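For clarity, chains are labelled A, B, C and D in written order, and residue numbers in each chain start from 1.
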Amino acid sequence: MIRVGIVGATGYAGAELVRLIAGHPDVSLTVLTSRQYAGEPFEKIYPAMKGVIGLDCELYDKDSICSKADVIFLALPHKLPMAFVPDLLKNGKKVIDLSADFRFSDPAKYEAAYQPHTSKDLLSQSVYGLSEVFTDQIKNADLVGNPGCYPTSVILPLYPLLKSDLIDVTTLIADSKSGASGAGRSLSLTTHICEITESFKAYKVTGHRHKPEMDEVLAAVAGKPVDITFIPHLLPMSRGMESTIYANLKKRVTPDEIQNCLAEFYSDCPFIRLYDHGIATDTANVRGTNFCDIGFVLEKGKDRIVMMSVIDNLVKGAAGQAVQNMNIMLGLDESAGLNAVPYPL
Amino acid sequence: MIRVGIVGATGYAGAELVRLIAGHPDVSLTVLTSRQYAGEPFEKIYPAMKGVIGLDCELYDKDSICSKADVIFLALPHKLPMAFVPDLLKNGKKVIDLSADFRFSDPAKYEAAYQPHTSKDLLSQSVYGLSEVFTDQIKNADLVGNPGCYPTSVILPLYPLLKSDLIDVTTLIADSKSGASGAGRSLSLTTHICEITESFKAYKVTGHRHKPEMDEVLAAVAGKPVDITFIPHLLPMSRGMESTIYANLKKRVTPDEIQNCLAEFYSDCPFIRLYDHGIATDTANVRGTNFCDIGFVLEKGKDRIVMMSVIDNLVKGAAGQAVQNMNIMLGLDESAGLNAVPYPL
Amino acid sequence: MIRVGIVGATGYAGAELVRLIAGHPDVSLTVLTSRQYAGEPFEKIYPAMKGVIGLDCELYDKDSICSKADVIFLALPHKLPMAFVPDLLKNGKKVIDLSADFRFSDPAKYEAAYQPHTSKDLLSQSVYGLSEVFTDQIKNADLVGNPGCYPTSVILPLYPLLKSDLIDVTTLIADSKSGASGAGRSLSLTTHICEITESFKAYKVTGHRHKPEMDEVLAAVAGKPVDITFIPHLLPMSRGMESTIYANLKKRVTPDEIQNCLAEFYSDCPFIRLYDHGIATDTANVRGTNFCDIGFVLEKGKDRIVMMSVIDNLVKGAAGQAVQNMNIMLGLDESAGLNAVPYPL
Amino acid sequence: MIRVGIVGATGYAGAELVRLIAGHPDVSLTVLTSRQYAGEPFEKIYPAMKGVIGLDCELYDKDSICSKADVIFLALPHKLPMAFVPDLLKNGKKVIDLSADFRFSDPAKYEAAYQPHTSKDLLSQSVYGLSEVFTDQIKNADLVGNPGCYPTSVILPLYPLLKSDLIDVTTLIADSKSGASGAGRSLSLTTHICEITESFKAYKVTGHRHKPEMDEVLAAVAGKPVDITFIPHLLPMSRGMESTIYANLKKRVTPDEIQNCLAEFYSDCPFIRLYDHGIATDTANVRGTNFCDIGFVLEKGKDRIVMMSVIDNLVKGAAGQAVQNMNIMLGLDESAGLNAVPYPL
């Protein structure tokens, strides 16, 4: 059995990884690390897991984790992974990093948005883990930079259309909305129930770090620079992310042409569900799942398309896509451990 | 004391009118009508009002209501008001209609979105009740068509900029989000708590009736046809509406120029609160109030503006603006009955 | 593969059965019936199931369902099952009824709470499906009356203590709270998000039909009549049920004695999780699972015990326990199809 | 105009006091203190107040506050007020303390639940501010210990029945549920939206500090020691508190006798609303108001009464009752500043 370790297991993305890996038929969960809760049983931190997860949290120790795990997920704040990853790779581990540290190809773009990168050399070998788009590269990767939740929700609907050169990229706008779990388990007034109840608001309107990540991937497929307008918003709920995307089309197209473009690109992709023209997506339909549902509408008399996509920010937007990437890296069934029947409500 | 009647008092907009009129210092609530609950005490339908509102609901009767009220609010589904209003005006009443029936200047636009209009002749004398914009006309009106919630939230931030000819109207996009009270008290799976919990979704993406209403008002100030891209979304909460609005600017401007443009237009407007450049609005800040908070951001290196506005869809988006219009029509202080201190949380 | 049919598949309990049976390793879902949605794809009614559940809903037809299924779940309002069950049993089917029709031993008690019973003769052969308590009878049953959600949450913590004669039954009080999914998918102002947001209330305080169900089961183990005080409350959330139970003890006991009493009775019960003295349960910990978590506290200086239990009302309180009963009836692993790893949040 | 200062104005109770005092017709808000936010505009901490509250927060300074205010509300954690109050009283101020420091008559009871009391001598002159019960003493008080939210919700329904000697106090049980605002604005995982969504749980089941407060007041009216069983629970919402109270009656009574007992005691009490027998209360009906709604049910064939009460924990449970007490102390209309029309939803 392939052995899996999760570094940073008690944050929300880490805990969701625990859920998915513990239920995975082909791998075995062997190590959980946590700075804050080292020494404590995981089930004490997340009492839902009582009697289900028997592991204790331990402090991160390179040698210990390398001896106990073959695949290592890093669910840490950015900056930490770039220090840990080189050693893990040297020890022959497969690494999936959920932070931003290995998402960028261009170190300058990373450094403009985050901080100096101390493992720049690895960026050329790390693969951007948007599973449906970079499947072939992921197959051969030892290091995957797992995409941000917003970029996942924005790039998946747009990629096929950009590839088919249907979109005027200067007109790209993404109006995105996220559940509060995207902000993580750290305490903040923003996620205090009394402040978020009956609240809806945009945030980081002068610049969110997920924008350059989108721009880099979209530019690569568009073959020209992209400078998307991206406004994130916070929803008064826990899980779920929706992006409504606006763009001008280069030429008038029919709904069928759009549908075909998407369907061809995403044929054989078990987690992409395409909606008919004019049907809206709903975050509730993907809650707890690895699905990305995509819908669109062409406005009458205009060359403008509106696309909608929904994901669970903790699953397809984080832990689920990370497991999907592990499956691809290991040659397992892409959907292993990810195909639980969705909740109807 | 000026006597006020509310027709359709048990829907959400009607009940909110009851709250505001009952607390108004200069007018007196004398009649409540309800088809569904005729004969029942209002406080039985809304037990929060126990001991506070003593009136019973009655069936709508033209003579009865004309004998008991000087000002009449209609909080009915569209189509009914156009049948009731002519008689009320003939009896010398001031009428504020919260439906769409008297919002349009052009009957063809109304009929394209709704149904044949049986009181077309009144459209030329009815005034669109966007209080801050059409104040002077409202002062002299006997009939006000109270704006829709979405148009209120979209037009208020845009109007000054269109008036100053700063916006390329072909690029207008409004991504709007509404609390569920906007859907009213009628029962629907859409507003069933089990279906809306942890749900966020666009709806009516192929066409919402509030779009032509926006287009007509925006076109009048722009001096050319407007065909805004408008996508409404449903929030998993009760009250509150946010619109994030995207538009290309005709020329590069500074944040100060935008702020001055808004501040000049809305000087002396007690319910408009302007935010500094880059500060996001929040529906929680206007909950239960008649405020419209407006913010904006200019993107670096682009001629694009992003505006944000928030209102309480039942107050500034319906009953509150209706009371504000009544105040203006009657020559009262514009904010009478509307200046309760907001809830901090 | 054992074939399973679900009658009434589009209500909340039915849809939850669909989720569980579709994910069950040892049985196969073959028929879904729905009066309201006959002819429509199940995935259209519950779009979360898009691409996952391929069956269409059909009208209930005895012959059709008997030809297609070996085990039949009835997720219907009471009164309907008593008409359907006799034929199903005659055709050799295993039947699990989620309504109240086959929960009572004493027809008079059923009829006092519901209506005349037209299949009284079957009550003596039907087994009350409280899985952990009546396991042996369920093993041999062809017909199981699946317990109500409230009785499940109240009886499970109390049963061992009553069996050990620790409780003065004249002092029994259950203060229970349920998420809104317990009220089902039918439309009602009670479950309208705008009416339930920030609302908490008791309901049916003069008598809820689950009380006589509790009384009958508790009386049987107590060996004397039971007339519990039971007050249900509605929570502003979708899934989850908590019961706080108060009772005087017949004699002063230690926390260890209570814990041992519970632990012995529930040894080898995979879905009962016992908490240490003084630790409170939380519905969030059992959301989406078949667990019943049980906690308790002994008050200082008093002979009173306070017990707490939490379940997901749709799982252990309905569909999950029904599947558990099917597993027991068929000799499968009791937890087959029910052991998904819980969500950490 | 009477001048009012609020010490600890940026916590939830403090901010609610700001709302109420700013809207009070007979007093004027002159000082706000905050350790955390000294020097900042109050409207920056609570942006809902933008343009409404012009005051800045300042550090607590005895001389400054004494020079600027006649009445002083302390909305601080317990322990701080006992250090501040003596000086304020010496300066002739009226003081209303929202902490527990001046709620107890018996210092030993306070010290058993909290910590050593450094102003014990003032306990004999401080009055327990349960407005409807201790009105006469409050009239003449310079120092009021404003009741806890749970005690308010438990004592108000019980007091008249205990006074009439209808209850067997050894059987008293209060099962109480509170919205999360009761836990205050301090950050905690307990109030993180992702942890409280779809969560309901008991807490502090081995002892909550509001219990001895209830016991002391109930014992005084019962004329014998009271040791109530009290279990608090946390609701997944912001504002609102419900207590369901169970007690055995000393003799069989009719619903009318209970209603009369309550109605006589609470005649002329504008904030007590009594429900008919068998009608359940709802926190939504009192949200944002100073009402306490009280209902009850007598169980058939038993000498047990079930009472229900609902309050807004921040209003009647804290700031509203504090203002009511100020009104009584100053000889103002008891409901001045507290009679806004409730929200229908």
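As a convention for this text, contacts are C-beta pairs under 8 Å (C-beta built on N, C-alpha and C of every residue); 3 or more make two chains touch, one makes a residue touch a chain.
Quick caveat, the model's predicted, so the values are computed rather than measured.
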Next item on the list: Note down the smallest number of touching-chain steps it takes to go from chain A to chain C.
Entry: 1
Checklist line | Centroid-based (C-alpha) most distant chain relative to chain B | finding: C
Check: In whole angstrom, how far does the Cα centroid of chain A sit from the Cα centroid of chain D?
Finding: 46
Next item on the list: Give, as an integer number of Å, the spacing between the C-alpha centres of chain D and chain B.
Entry: 37
Checklist line | Mean-CA-position distance for chain B and chain A (Å) | finding: 39
Next item on the list: For chain D, write out the residues touching at least two other chains, lowest number first.
Entry: 12, 181, 194, 196-198, 236-239, 282, 284, 287, 345
Next item on the list: State the interface residues of chain A toward chain D in the complex, per the touch definition above.
Entry: 12, 180-181, 185, 187-189, 191-194, 196-197, 236-239
Check: Of all residues in chain D, which touch chain B in the complex?
Finding: 12, 15-16, 18-20, 22-23, 46-53, 181, 197-198, 238-239, 273, 282, 284-289, 293, 340-345
Notebook entry, point to check: Where on chain D is chain C touching in the complex?
Noted result: 171, 173, 175, 177, 179, 194-203, 205-207, 227, 229, 231, 233, 235-240, 242, 244, 246, 278, 280-284, 287, 295, 297, 299-302, 304, 306, 308, 310, 345
